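Both complexes shown next keep chain A, but they swap its partner, so chain B is in the first and chain C is in the second.
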Partner chain A sequence: MKKVKINWSRFYLIAVFILLYLPIFYLIFYSFNAGGTMTRFTGITLEHYQAVFSDKRLIGIVLNTFMLAFLSALIATVIGTFGAMMIYYTRKRNYRNALLSLNNILMVSPDVIIGASFLIFFTFLGLSLGFSSVLLSHVAFSIPIVVLMVLPKLKEMNDSMLDAAHDLGANNWTVIRKVILPSITPGIIAGYFMAFTYSLDDFAVTFFVTGNGFTTLSVEIYSRARQGVSLEINALSALLFLFSMLLVAGYYMISQGNLTKSQKKRRKEHREAVDSL
Partner chain B sequence: MKKLQSLLIGVVAIIGLLFIASHQLEKAQGFSGNNTLTIYNWGDYIDPTLLKKFEEETDYKVSYETFDSNEAMFTKIQQGGTAYDITIPSEYMIQKMMKEKMLKPLDYKKIKGMDQIDAKFKNQAFDPNNTYSIPYFWGTLGIIYNDKFINSKDMKEWDDLWQPALKNNVMLVDGAREVLGLSLNSDNHSLNSKNQAELSNAKEKLMTMVPNVKAIVADEIKMYMINEESAAAVSFSGEAAEMLANNQHLHYVIPSQGTNLWFDNMVIPKTVKNSEGAYAFINFMLRPENAAQNAEYIGYSTPNKAAKKLLPKEITQDEQFYPADSVIKNLEVYHDLGPEYLGIYNDLFLEFKMHRK
Partner chain C sequence: MTTSKRFYSIPYVLWLGLFVIAPVLLIIYQSFKGIDGQFTLENYRIYFSSSTYLRMTLNSVFYAFVITVIVLLISYPAAYILNQLKHKQLWLMLIILPTWVNLLLKAYAFIGLFSAHGSLNQFLSFIGIGSQQILFTDFSFIFVAAYIEIPFMIMPIFNALEELNPSLISASRDLGANNWETFRRVILPLSMNGVKSGVQAVFIPSLSLFMLTRLIGGNRVITLGTAIEEHFMVTQNWGMGSTIGVILIIAMIAIMLLTGEKRKKGGRRH
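Right, the complex of A and B next:
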């Protein structure tokens, strides 16, 4: 007789996933509640979703939040990628380590402190709070993330490729464009998506620097939740959850599809090279 | 590189689309240049239909922003960077803002309807002659209890919170002045006390309440009490009104030993940009029908006596929320204690919080 073995690692994994996903599904489940509160489920309704779509202010905030996330991640990715290259190609080891540590300190320092210092800084400069101040602060706290995602790819890269390119007469810009950027692309894309999610769910920093009618979703939900979470928020959270699932699926498809394509290409080139010998 | 390029193009396209969409949305709502009135108010503290009505009547567009504590509001306004035209802080914060010269004195030539405000809520110590502020809502601090667990005659004053029957069944609002104040009141001391002995006695007394305290929480009290997680709680009258509306077993008591009378008043901060709009809004909110509608929606007590007449009798005759004048006389308004004594209050409250269980 075959003894049934309990696969503990799988059991553990399932338990963790249940723990993480259950609250979200609980929230989504109640977004359909006709009862109006989270206390008892009385029947299915879509009125909370209707309320979300008819709330112009909320829709505006959602649009602003996503625009902010896409834009700040883009700027941060550009700055962060070149920053990572700069750190990587710094000759002096001590200096490089110092730069890297400074980058890491920004990663671990509490959001509240970053937010408060941004508030003081912006008002000291006389900059009015609003879209620009939020954008600047999001770019600022996203850069270290991008740097951290890009650096390993730079380390993976074969440095002799650069020498070869230089020997063949490429100037610096051509080397960056033709050699470095293609080989660190996965890191850049990962950095972009990380920066995007960071910007999307940041509350602490954003809370300090919003103003003049500009606010983001996390800040808005927080100030509403203080008065008791209405099911409209549940409905909105369900929609956002769906959206993030689509986003993850999209990211998976981009990276997967391209990976196989490039693999195919590489394999083909390899075969051709072998054949021509 | 190709992949990066397509990512870049895609992202830029999305940003462009989002920008156009949000721009269109803003235009559809009519925001433009100088007709915007920026209001900075507590979350969920006005009937949204009133804002719409105001916009239709006056052609001003309201940009409505919210805060969740007096302190957060204070910091934002003090730092500047945003032009708020109207904000609605509580009385001790008004006093502090006056001291910091953050408020503009009101021009009573432009205000209509001030005579509607009940005289007993005017000319308070925190703002003599209402130079800077006009009452918006008022209320009390009291006890909410559930009649399934507590008999009404066992819940009349602060001391009843100490009864052994309530073991692990009392929730307190998370505020140093509120909690120390109720302890001071229960000893018949002023809740603005600056007497060191009275204060340490109040803290010692609170320590003996520890076995009864289930939690020290903020706005979540509302949800917990409606769900009957606790037999009694200490919170504000407006919060209580909402709890009572959702659970018929709940009742609100203004303790006979006296308690806090609080105000949230409309003020015009120094950062004002649209002064005309600010006065228009004040006049709009002073109009009895608007004040009444707002009071019915929010559930707090209105200081507007003409509005009170318009409200349904079962609201205005409810002694829980519109107590008799004799009770009101017994109540105390918070004074700004100054940083030194505020620090002492906070420290004592922290000691109490750390000692529980």
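Right, the complex of A and C next:
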């Protein structure tokens, strides 16, 4: 009886995995299609990959997108880390909760609202739309995720270390550099990773605040997809998928090193309990 | 500590003021401006007296509801089974991995799968049902939206199930409950928090996925997000766009209160 149940659940899970991965592998499969469409496979070719690498404009857009992600994540990580410290050291409970709620507004807001309100904001300021407005927006929506990644690390930190450092004559900057930063580094790295991928992935916000001169990969794919199927996009998506795999592998390794002791213990207990069933 | 701390947090405070508070105030302010830039209540009057806008809003909420229910029905069992696997963190990463593939690329894949001569139609013709119009229908929009949101529902439910203290399950079994009773009386109530965060994470984006309505829904489905995009980027009627934006914000707050409030009650009851 038990064996049958297990098989069914495995079957279900496999179906979910197939559903999740089918479109992605479908895209990659047709990136090798010699015929020009995504419907009839006529033979294997690498010409679409060649097209990607010889498309100067597309390469430029990819570089733009990565530079934007790199820069915005860097700025967001710096601001977000100090923001997390500020929230953590806010003693008044109400005030701290208010800060946290404000921090989370951009996490829960729909992209369309963020994009539209930033567009109004930049127009209000008289800022021209382009790289700077996109960069500012990406920094803005990445900061809260960095804060949320760093805060738990601050909570885990042993506060008596800070007191000890102060007693031993360290000034504030030394305390931050030698005690606080090393103990929250895993959170900062995770925050940077998340901010980076948020920026890479974003479409809706960028779509609103980008002018005519600057475009990112998502916006470009959107405008190309509206014109119809081009296998160049498939080839590009295959390359991006590979890149995502590498990022995820890196992130997985970081997050495994990142588990707290209590999580590990709970996990072990749980595994034993499941095994004993 | 205090003075230097204040110094370091200046960018963060600036960010809060400029990019969190100011935009919300600006979108509310803009919603009271007519096409000619005058302060007016006209946008709200048009919105509430137009059957088109009201029907669009109802439709949008209805679509989001259907998408959320479908995603929940698929995700809960998946999260539950996932949680019993040996290398579950690795499998969870594999569930999350597709979310790292750009949303537009996934939508693009479905254009190929669902199009008139696409693979699904070839399959339907092959088994004798014949070619159907799949792309640009309500079905395709709901399907693709649900597809995209599944990982965002699985994650919080998975986390809630993982936090669950295994000794409670053992206790339930020791007290003679069978699998179903244990699930219904112990596991399901204790994982409700995960379900609620999942519903939040799915419902709100479903109201605002404007690129899917364009690429997959073929402009037949109009959500609040599509209407906002239309007013801002096409007709340039920012006032009306902001008014719909305010409606969307209210819908968002409503769903947060709805799922948040119950959480507290639930916590007290159990």
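FYI, the second predicted complex is superposed on the first by the 230 of 277 C-alpha atoms of A that agree within 3 Å, B and C clash if a C-alpha of one lies under 4 Å from a C-alpha of the other, contacts with A are read in each partner's own complex, and residues count from 1 in each chain.
We take it that a residue touches a chain if its C-beta (ideal position, glycine included) is under 8 Å from a C-beta of that chain, and two chains touch if they have at least 3 such contacts.
Predicted, not measured: the structure shown is a model, and the values here were computed from it.
Novice: Taking chain A as the common reference for superposition, should the pair chain B and chain C be classed as clashing or as fitting?
Specialist: With chain A as the common anchor, chain B and chain C collide in the superposed model.
Novice: Please indicate which partner A:44 is in contact with in the superposed arrangement: first for chain B, second for chain C, both, or neither.
Specialist: Neither partner.
Novice: Give one of first, second, both or neither to describe whether A:168 is in contact with chain B, with chain C, with both, or with none.
Specialist: neither
Novice: When the two structures are overlaid on chain A, which partner does A:212 contact: first (chain B), second (chain C), both, or neither?
Specialist: After superposition on chain A, A:212 lies in contact with chain B alone.
Novice: Between chain B and chain C, point out the one touching more chain A residues.
Specialist: Residues of chain A touched, chain B against chain C: more for C.
Novice: Output check: A:241 vs chain B and chain C. Expected answer is one of first, second, both, neither. What do you get?
Specialist: So A:241 only meets chain C here.
Novice: Which holds for A:66: it touches chain B only (first), chain C only (second), both, or neither?
Specialist: First partner only.
Novice: Once the shared chain is lined up, is A:118 touching chain B (first), chain C (second), both, or neither of them?
Specialist: A:118 sits against chain C, while chain B stays out of touch.
Novice: A:74 contacts which: chain B (first), chain C (second), both, neither?
Specialist: It touches chain B, and chain C stays clear.
Novice: So chain A touches chain B in one structure and chain C in the other; where do those two contact lists coincide?
Specialist: 37, 39, 119-120, 222, 226
Novice: Give every residue of chain A touching chain C within the complex, in rising order.
Specialist: Contact set of chain A toward chain C: 9-10, 12-13, 16-17, 19-21, 23-24, 26-27, 30, 37-40, 78-80, 82-83, 85-86, 89, 99, 102-103, 105-106, 108-114, 116-121, 124, 136, 139-140, 143, 172-173, 175-176, 197, 200-201, 203-204, 207-208, 217-218, 221-222, 225-226, 229, 233, 237, 240-241, 244-245, 247-248, 252, 256, 266-267, 269-274.
Novice: Please give the residue numbers of chain B that touch chain A in the complex, ascending.
Specialist: On the chain B side, the touching residues are 1, 3-4, 7-8, 11-12, 14-15, 18-19, 21-22, 25-26, 28-29, 31, 36, 38, 43-44, 63-68, 75-76, 79-83, 218-219, 222-223, 226-227, 242, 246.
Novice: Mind listing the chain A positions that touch chain B in their complex?
Specialist: 37, 39, 56-57, 59-60, 63-64, 66-67, 70-71, 73-74, 119-120, 122-123, 127-130, 133, 177-178, 181-182, 185, 188-189, 192, 211-213, 215, 222-224, 226-228, 254, 258
Novice: How about chain C: which of its residues touch chain A in the complex?
Specialist: Against chain A, the touching part of chain C is residues 1, 4-5, 8-9, 11-13, 15-16, 18-24, 26-27, 30, 74, 77-78, 81-82, 84, 86, 89-90, 93-98, 100-113, 115, 117-119, 122, 147, 150-151, 162-163, 166-167, 169-170, 200, 204-205, 207-208, 210-211, 214-215, 224-225, 228-229, 232-233, 238, 241-242, 245, 248-249, 252, 256.
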